[in-house]
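Each of the next two complexes has chain A plus one other chain: chain B in the first, chain C in the second.
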Partner chain A sequence: MGLPDIKTNLTDARLAAQPVPQSGAWLAAARDDALARLRAMGLPTKRDEYWKYTDPSTLTEAVAQSADVFDAADEAPLYDGIDRLKLVFVDGVFDVDASDDMAPEGVTIERLADAGAADIHWAKDLYGVLEAKGQSPVERPLAALNSATATDGVLIHVTGTPSKPISLIYRHADATSDATLHHVIKVDAGAEVTVLENGPAAARFNKCMEVDVADTGVFHHIRAQGRDHERRAVTHIFGRLGKESVFKSFTMTANGVLTRNEVVLELTGDDAQASVAGACMGDGAFHHDDTVFITHDAVNCESRQVFKKVLRNGAVGVFQGKILVQPDAQKTDGYQISQSLLLDDDSQFLAKPELEIYADDVACSHGSTSGAINEEALFYLRSRGVEKGTAEDLLVLSFLAEAIEEIESDDISEDILARLEAWLMRRRG
Partner chain B sequence: MSLDVEVKDGVDQETVDAVKELSGTYKYGWNTDIEMEYAPKGVNTDIVKLISEKNEEPEWMTEWRLQAFERWEKMTEPEWAMVSYPKIDFQDQYYYARPKSMVEKPKSLDEVDPKLLATYEKLGIPLKEQALLAGVEAPEEERKVAVDAVFDSVSVGTTFKDELAKAGVIFCSISEAIREHPELVKKYLGSVVPVSDNYYATLNSAVFSDGSFVYVPPGVRCPMELSTYFRINAENTGQFERTLIIADKGSYVSYLEGCTAPQRDTAQLHAAVVEIVIEEDAEVKYSTVQNWYPGDEDGKGGIYNFVTKRADCRGDRAKVMWTQVETGSAVTWKYPSCILRGNDTQGEFYSIAIANNMQQADTGTKMVHLGKNTKSRIVSKGISAGKAQNTYRGLVSMHPKAKNSRNYTQCDSLLIGDKCGAHTVPYIEVKNNSSRVEHEATTSKVDDEQLFYCRQRGMDEEEAVALVVNGFCKEVLQALPMEFAMEAQALVAISLEGSVG
Partner chain C sequence: MLEIKNLHVKLEDEDKQILKGVDLSLEAGKVHAIMGPNGSGKSTLSYVLSGKDGYEVTEGSAHLQGEDVLDMEPEERAAAGLFLAFQYPVEIPGVGNMTFLRTAVNAQRKARGEEELSAGDFLKVVREKAKTLKIDAEMLKRPVNVGFSGGEKKRNEILQMAMLEPKMCILDETDSGLDVDAMKLVSEGVNALRDAGRTFLVITHYQRLLDHIKPDVVHIMANGRIVKTGGPELALEVEQNGYADILAEEVA
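So, the complex of A and B:
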């Protein structure tokens, strides 16, 4: 069966506006493969089941909608108290001058643009490879588009335990920027790294991150997507977990007219642990979609999905989560929770929490709830003299706490919490 | 498999024996040797017209069918369910089959072919107006269950019609209702499940041959339980029945549905539509024990069961409760739904779905909350054994105007053996903030400690598993009318036959 014309046309138009770069040795081949995948799938439309709750049209159209740049200085900077290695991208282009020296201990970092030209490179075995694997059983055409067309990004090879986190900072300078970044991270056996991300990135941002965590490796990821009300973003994380490895990712989102964050993990080694969490606060024209797909392919692994959304003034929160347990993945412990707090009647929560299980000795559960602020809890706080707005904020923060607790580092979780509090304060003026 | 039934007070030996009788492998696999009359194989406008003609339908009904058929021809089969089966050749089956003895409609049950009566007798559904259920201790008048018996494409007979008529309740076959009560049928048919609803419902609208019709007038509490028993007997024949239940203001009715089919090597199609209209303050309970032939251990034969069931709570404070025990069929595709349109309406869905051997079940419910203060509750228990796949698929939708509504969903899956699968696919859509939605799901295996405890007390492994499974299903079994609960409990054990070890 051929691709419907609408998809072919959509894909052609986009590729005309954003052509596949013709450079790089191994990278050129990887891009060609990705292009073939994209052409076979076509870009998504809102009629696709996987896009039932999120209209992808502004993510797929040839020219990005513009988004005003907001003043970054009107908000306390995030991660400021944390000693970190800063790598800065402005509208999706690496900014050498604004970035730190890329030669810390225990890790090698290269720009995609530089490494792509080498004849042999470790990233060859990962770039577009984990993404291609993640295309089944559900297609993710925007990730294939990313692999085919990304010109920048970093390749991070973690061989030991770097002394400080690697911080990717995405600045937005041009109101019409359309950025595509592709990062590859390889964590060797026994190595450990923390990757931080923050910033609005561009008017439209397509980011893909492929993460390979070898046996006993540890990967921590904390990201803050915020600011710029009109920005749009689609991001993918493809992770592969080896034996006894740890993968933890947390995302905080506020603002942004459209965000779709997909996380696709495959637990391939026994005793691996994965956690994917998110806290989001949406106000007004805000559509936020968390789509997570975790495949258990090994014995005695644990995975957790914890997502919390606070929505008001017509904001829409979406959660599509799946735990797939393959036939031999016995002793799997899978947990998934998605909850929304609707602060008014205009907001919506749309969820599809799925389980697909082919092994019998497992304990998998999911829960999903939606509702308003608990009146009794509010009354309790009010009766103790807490002013109404403050009481609401306290309840919102306590609601989000379970997701924030998934962050391992106390320093970072405090930082995230402070940012959320500041947002709540600002909202109340 | 033997099954020990706990003897409770008020349950005599006869009941115990009756339930024991049920134990064993598929018990209803025999067929009735009876002369049949078939319409030519396949489906086309001539067949649609023929079915309409056989049922002596008025023109508007024929027209309605033809429009459905025209629409169906342009539709494609849905593929989203987690079931796989060979492509169905819709032209390679019979769409109409009736016993020759039914060509001249019997005027009363006494005139019905003794072979047919014997068939139902053997199935444990005597078509006699007498107390029906073995050993259930209850006063005479409470023991009555009126039965509409459907054999392949036709209704064989309906019991207690006169007594029901005295109360104003109309209970008859749908073909009779089309002839005798056209105003009711015209008003309600297709109003809950529109002709365009889905592939199988549209096909059903074109070719349904018979089914049951119930109308309970305002303020009437139906004096007895009503039931339909569906039997597929003929080979290569699809059964397409249509049930329409109307509970007028302030009325109440409890409806039971049972189904079986002979053991055959080729798969057979069953595509039914059930529509329920519930007006202000009325209440309907609909219970199903679905025990179609599931196919053999290698997945040969069995019924493909594609069913559309929906209840529309039109008036304020209307209530509906679906209870289903799904143990049969090779493929089940069934989502009994509740449209909670009126304010303060309530929908409940209790389900046990058991899939063993090569069975595939994709079943669940839709709760569509449109009115204010509406409540729904979903309790689904899925059990997979052998190489079976069992999926819960459901929707809970809170519309912007459904203020202060409430949903609670619990779906649990139990896996017996490492070759089967259990899946959960819920859709949750919340569009107002005064409503609360809670969804919980778990998947686990039969608890080793519980098994060990049972084994220690001298039960063999299969018995122990049956007991644990019955415990797992308890919440749903309790929602069934008593006589159904007994049957269901025994069925749960039978369906898991051979799943251990």
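So, the complex of A and C:
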């Protein structure tokens, strides 16, 4: 059984342009394994079922398309008012000078490029391991490419409860940059951490994050993907949840010509809770794909998927979400909602919600809707004197509210909301 | 205050004439009531005056304090002092009642070139007005009208009216869905706003409301027209005999 030539050639060309970096023993072994996985699968093409709604060609081609850097003018950066530990990457390269000292209480942070040079490291049990596990039942070749070729990233071991969030800031400076980052986060039993991400990172960005949350551990993740209009990104989060652990991830996306965010979670311990949410606003040349796969493998776990997309001027939104409940995962509570607000007839929302349930005592619900702005509500607001544009904005924000409410911290959700408001204001000029 | 002349309105998408020449002259400081059979065009009149889409004015005019309202956007009409308490208030999930009220109050102030109310001042005024309408803090926090009972929605309409202090208030069946006590509360809310510079157009099916909000003039609308105008006694006549006699007179 051979791979189709087209995939072999695509993969070869990409690896020629983006070779596997030299590393120490543990990482070299992990990269070898990932490379073997990648070669066996080959990079995806739009003929693949899993890429039916999103054309991966600009994500897989050897040389990245260039993307202009967005000018945020005098706007305050996101999370500006939040005390956090800043780790800065510029076009995918860790910037020591711009970053804070990496030794806060309750956590150890190492740069992949440094830790990877060692012969042995704790990350060996996770790097490429959760990714490999997430390759079935659906292949995710771009994640294997990432594990094989990532040039930088951080390894975060959370042993306690650090006093502030760890903030990964991705700056984009070079219009032709092509960045591949891989992070590993290990949250010990009883430990708790919040990881923030923001910024466009590069013209093309491939990011993989593997997160292992031990029993009773808590992981919060809030990400804002940069506003460069032409940027492209493919990201993967692979999470494993232990007993009574909590995993919550929220993503805001405004702008970006192409984004594919995959989240693959496995709830392996009883009473674990997972939430994956996204609010996205697309205008014009914007294609955003949320692909989520949650596997319930333990008893009495809860998982939520809440995705909201506001689309206009021909923007495209995609949602592929699955809840898989294994035979022993009794008392599973699974919730999935994906909705789009189409502000005109040119925009499009494509959704494929799926439930696959092998246990008999479960409560799972899913729904997907696509609709226009509610004219009755719009008139009601206007009849009270609210100007049309403002009324529309209010309705847009109210549509996104359910996703934003998934964020645990009020400070952060206010920050996200303010950014969404600013985006709306900017659009109206 | 509001001068409506020979107003003809049809549905935009259908060849259906709904208002067939409405004439109304509503003076400042007065309360006018409109009664009339179901489907006679009362709500349509209120929607057309407040600028809802879907209707086409084919003839006639409406002027609010000399300004052509039919030419304005809905929000401009609101800023000019027009207010409609909806027969069916709209639910808006995700928009807090408080945010909604504050946005509305400040939008109108801004449109009139007045200074916006500070958060603190606003809160004080809302709390006080809500209290007289027995609207509790919890209801103020909830999304606009979502999960409100029929009567709560109507009280919420009157709260908005009290906050916005419009010049020309149209109340479309504000009494429907209200229990006896709520009817009193709402009427008191309305009466508190009665003022020499403010006009009310109260659409209702029942004399009951008019016991509380005493009208100066009562109009009967039928088949898209005002067919009879009189004093408060006209409402009593309708209450006792229905519309048959009045409509028969009209035909004759």
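One rule holds for everything that comes next: the second predicted complex is superposed on the first by the 426 of 429 C-alpha atoms of A that agree within 3 Å, B and C clash if a C-alpha of one lies under 4 Å from a C-alpha of the other, contacts with A are read in each partner's own complex, and residues count from 1 in each chain.
Here is the rule we go by: contacts are C-beta pairs under 8 Å (C-beta built on N, C-alpha and C of every residue); 3 or more make two chains touch, one makes a residue touch a chain.
Note that the structure is a prediction, hence the values are computed from the model and not measured.
Asks: For A:Glu421, is the partner it touches chain B (first), chain C (second), both, or none of the two (neither)?
Replies: neither
Asks: Identify the partner contact of A:His366: answer first if only chain B is touched, second if only chain C is, both if each is, neither if none is.
Replies: Only chain B is touched by A:His366; chain C is not.
Asks: Is chain A touched at more residues by chain B or by chain C?
Replies: Result: the larger residue contact count on chain A belongs to B.
Asks: Quick one: classify A:Asp48 as touching chain B (first), chain C (second), both or neither.
Replies: A:Asp48: touches no partner chain.
Asks: Determine, under the contact definition given at the top, whether A:Arg384 touches first (chain B), second (chain C), both, or neither.
Replies: second
Asks: Please work out whether A:Glu376 is in contact with chain B alone, chain C alone, both, or neither, and reply first, second, both or neither.
Replies: Only chain C is touched by A:Glu376; chain B is not.
Asks: Based on the superposed arrangement, let me know which partner A:Asp100 touches: chain B (first), chain C (second), both, or neither?
Replies: neither
Asks: Once the shared chain is lined up, is A:Pro327 touching chain B (first), chain C (second), both, or neither of them?
Replies: The answer is first: A:Pro327 touches chain B but not chain C.
Asks: Output check: A:Ala351 vs chain B and chain C. Expected answer is one of first, second, both, neither. What do you get?
Replies: Once the two structures are laid over each other on A, A:Ala351 reaches chain B alone.
Asks: Enumerate the contact residues on chain A facing chain B in the complex.
Replies: That would be residues 49, 327, 330, 340, 342-345, 347-372 of chain A.
Asks: Which bits of chain B are touching chain A when the two form their complex?
Replies: Chain B residues touching chain A: 80, 398, 400, 403, 413, 415-445.
Asks: Which residues of chain A touch chain C in their complex?
Replies: Spelled out, the residues of chain A in touch with chain C are 374-377, 379-388, 390-391, 394-395, 397-402.
Asks: Once bound in the complex, which stretches of chain C touch chain A?
Replies: That would be residues 50-53, 73-75, 77-79, 83-84, 86, 89-95, 99-100, 103-104, 107-108, 111, 143, 160, 164 of chain C.
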